[in-house]
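First comes the structure, then the notes that go with it.
For reference, chains read A, B, C, D and E in written order, and residue numbers begin at 1 within each chain.
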Amino acid sequence: MSFDIAVTLQRGHVRMTYEFAAGPGLTALFGPSGAGKTSLLDAVAGLVRPIEGRIAVSGATLFDRAQRINLRPEKRRCGYVFQDLRLFPHRCVRDNLLFGWKRVSPDERWLGIDVALNLLGIGHLLDRMPATLSGGEAQRVAIGRALLSAPRFLLMDEPLASVDADRREEILRLIERIRDELSLPILYVSHDRAEVERLAQQIIPVEPAHSAA
Amino acid sequence: MSFDIAVTLQRGHVRMTYEFAAGPGLTALFGPSGAGKTSLLDAVAGLVRPIEGRIAVSGATLFDRAQRINLRPEKRRCGYVFQDLRLFPHRCVRDNLLFGWKRVSPDERWLGIDVALNLLGIGHLLDRMPATLSGGEAQRVAIGRALLSAPRFLLMDEPLASVDADRREEILRLIERIRDELSLPILYVSHDRAEVERLAQQIIPVEPAHSAA
Amino acid sequence: ATRSEDAPIVLAAASLQESMNAAADAWEAKGHRRPRISFAGSSALARQVEAGAPADLFVSADEAWMDELESKNLLRSGTRSSFLRNTLVLIAPTDSKTILAVRPGMPLAEELGSGRLAIADPGGVPAGIYAKQSLTNLGLWDSVRGKLAPAENVRAALALVSRGAAPLGVVYGTDAQADPAVKVAGVFPQTSHDPISYPVALLDSSRNPDAEHFRQFLISSEGKAIFRRFGFGTQ
Amino acid sequence: MSGLSPAEWEVLLLSLKVSAVAIAAALPLAFGLAWMLARWRFPGKVVLDAVVHLPLVLPPVVTGWLLLLTFGTNAPMGRFFAETIGLTFLFRWTGAALAAAVMALPLMVRAMRLSLEAVDRRLESAARTLGAGPWRTFLTITLPLALPGILAALVLGLARSVGEFGATITFASNIPGETQTLPLAIYSALQLPGSELQVARLAALSVLLSVGALVLSEWLARRSGHGKGRHVL
Amino acid sequence: MSGLSPAEWEVLLLSLKVSAVAIAAALPLAFGLAWMLARWRFPGKVVLDAVVHLPLVLPPVVTGWLLLLTFGTNAPMGRFFAETIGLTFLFRWTGAALAAAVMALPLMVRAMRLSLEAVDRRLESAARTLGAGPWRTFLTITLPLALPGILAALVLGLARSVGEFGATITFASNIPGETQTLPLAIYSALQLPGSELQVARLAALSVLLSVGALVLSEWLARRSGHGKGRHVL
């Protein structure tokens, strides 16, 4: 199983439960706004601590409350494209892209910098500061940063929301190649039905959360 | 003419020129990422000062360098849904929604609060702080805030980027009603071809910017 | 009671705090308004007078600042007089065994050992200037100049000795008398330094009739007797 | 520690009055300066910055002396205030307040400047498009977002003014009931041998006063608590 | 103003040394305290906060006395330092540096705390997912983002330590060449009538020293300039 998840999360007064086991390939999370998709990705990345349950990716347990396992985020090796991007504002685009890249050994890397710059069309932005980027430019840098950190699985939260059609097509093809050639497990959130249907091996519906008593 | 625009903008080393006159209804700006769509909306809202040219909306001149006219943003009465949302982080959702609403006289308002809450599905969020909202929730609050300020024209920068399909349909219908029943001029940015084709009376292509010498 | 706003304002050197308060109490006991007294360093008080502060009487710890004010015509002529005298003593903590006859060649540096001699700052504070003068005249200055602990004022020097931070110190006789934690280990000869005198004068800007009366009380034999209780000499 | 003597009460209340007036007067001035330093660009900005820091750099006694030269009865500024609004400083509690305000100013300016520089200007422009003029935007967006710095300025300024000694005794003198604030009373007590208990009591009062201000500011900060929420990790 | 006399040079260099050592020593401690106050929750946090503010609230002379009682030759802390690392403070320049550091501490803690509290924690979590451990994240994300506060702390701390007088003269005494920093030299000069010129020269030196620090910090701030960019309005 690429993702083996059975957890309960608490956010504010809302409690959310997820339970699914996904096979290889790309797994799409599909559900209305506020259902808890981002919360789940945060939990898989190790940024939110579930109150209950177990998370395993490609057979490795990342979290298991019963066994008191809770891998630190930096040990999970996920490539997380945040819904709110989170580019480092004090570092230029180049430094943002290389932040994760510098922290893995060369033989683990599976994406070349030049290939990434080319496919994402951000080669001309390297010296710019994030605050000066347009919405789509920033989003592509965020994708590049996550991919270049040579992750073992991907968490993508609406990564193409403000990317234009031509570029979107190229990036979709890149994601398909990552999925097929590297067989990296991918957890993918999108509101675009067509996108999801094209990419996903499995679609996991996320039900709206209910207020805990 | 609802939008009568002929301006040149400078951003960093990039210079962008726009020239079009749009009839009534919704005008979509369509172009690749980084072409300058957001920059144009900023200029129409009065947040970026063009280095040259003229901007008029519904016959009223907002900016004219030759005539030294440059209306302050607060006098332009635009309803701007920002690409980066810009909710006020220190105020709850209710205060965000009412920020503009409180500043117009009651007879100018054209959208009831209850209607807005209902259509946008944000009635249950009123007491929450923006930092606790999900991506789509925040986006809907940003739309509500702009609409409730009773603007005379709308600037919408990918307002539906992270809104789910059902809600999107409802909001699209609301925009159509605003466009048709109130005949408010709307300048609309989206990367979704289908959305644009459904909404727009006119599509203005925005060409990628070129570096100024 | 009378409104204290109308009471004269007396500027007095900080080292006079106990004695001047006692004098003011005595004055009040005689049915007068108690003057309001500001205790601070003589230099600060004199500068306040120069800036036009609405004070009535100035009692300085040295003649230099009084001279300065007189040269600027800020004193009421004929009201200046030096009415108090003090002595300079060597002190040690009460439990110390040191007793020294203060004379040329006395083994001051040896007594200090690795400790320091607490004095008021010889760079400007009157008690420190007198101490330097004495030690120089006694030929001891060079042997102790590297072993000094100059303090902000004479009372701070006193405290350094009474808390054991310094084994010896040079202060006024009145200071030594005030602190039971120190004892007088030696007295500097009057001839080794300029006379230590405290001048008083009415300020030219004074409009308060009580001020002149209080000044006369201070220099009267009744007033001087109060100061003698605190160890001052009078003249 | 037993109850306070009347003399101690007098000193405490005077200190409170002096500090409160000093900070109330310094706050708008400090904010104005912080605003200029954070938001404006003008020639001589470094000079202004340096002047604001002066009371911090100079020994307090020198600051007191400079105040004496500036606000003395015969000095131009002193005469100006006396003649226009009948306000004199020398030997008056107003002088102690002026000294405390001047000494607290640099701390207050820095804290507020730090917060003002961190305010996201994009939020201000959003408020403008929603019909708020510059002034309204300032009141509803900038000011509340800079609140942490303003509260820090209040606490620092109050603490500094409660502890102010050197400039006060030099400028306003040490007159009981008029300019003898807590630090000056402590100084007077320190002049007397064997006054440790008295000094300790007065010092404890200073500390209590400032802890009060501290707790108040933490409470205000929490109450307005920007609801950062959604903290991850 | 003509060149400096050898005595003035000595005072200036000593002041520089004392301030530099004081701030270098205080910086990590102040940062640690700022971190605890900004990031941790623990019982007695208000107490720690109050203790940090103490040197600001108490008159400097009292702080000097407390230092004397704590770090004096016979005091436990004083003996501890003397016996373990051979470091003594009383009447030594190290004592002047200790006094300056203690007096500067509250200002430094506040400035750094203000900036630390403003750091967006979501950026730290992003760094974690990219493989940076807590320490690396701190160095590459938190620290640079808190830089404005750290620079402000440096400037405030340096200015405050250059101006420190009361605690220093009480604790370390006024020994030329050993503990006589600029403010102490100024104090000595101020005691004598007609010393205005000498005072002015020394005060000007203090100001120059601090302006230097100020300009340096502004330059550092600009160089690291977070590239806020895209300012609208």
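To be clear about the criterion, a residue touches a chain if its C-beta (ideal position, glycine included) is under 8 Å from a C-beta of that chain, and two chains touch if they have at least 3 such contacts.
For clarity, every value in this text was computed on a predicted model and none was experimentally measured.
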Pair of chains joined by the greatest number of C-beta pairs in contact: D-E
Identity of the chain that, by mean CA position, is farthest from chain B: C
Same or different contact residues where chain E meets its copy chain D, judged by the half mark: same
CA centroid of chain A to CA centroid of chain E, Å: 44
Chain A and chain B: spacing of chain centres that average the CA atoms, whole Å: 29
Mean-CA-position distance for chain C and chain B (Å): 79
Cα-centroid distance, chain D relative to chain E, in whole angstrom: 20
Multi-chain contact residues (two or more partners), chain D: 61, 65, 122, 125, 128, 190, 228, 230, 232-233
Junction residues of chain B, two or more chains touched: 11, 47, 73, 84, 132
For chain C, residues that touch 2 or more chains besides their own: 156
Chain A residues within the chain B interface of the complex: 11-12, 31-34, 38, 83-84, 121, 128, 132, 134-137, 140, 157-158, 161-168, 191, 193
Touching residues (chain side chain C, partner chain E) in the complex: 41, 43, 46, 64-65, 67-68, 116, 121, 123-125, 148-152, 156, 160, 163-165
For the chain D and chain C complex, residues of the former touching the latter: 61, 64-65, 68-69, 72-75, 78, 90-91, 169-171, 173-179, 188, 190-194
In the complex, chain B residues that touch chain D: 45-47, 72-74, 76-80, 82, 84, 86, 88-90, 92, 99-100, 103-104, 129, 131-132, 145-146, 149
List of chain E residues in touch with chain A within their complex: 122-123, 125-133, 136, 140-141, 144-145, 147, 224, 226-230
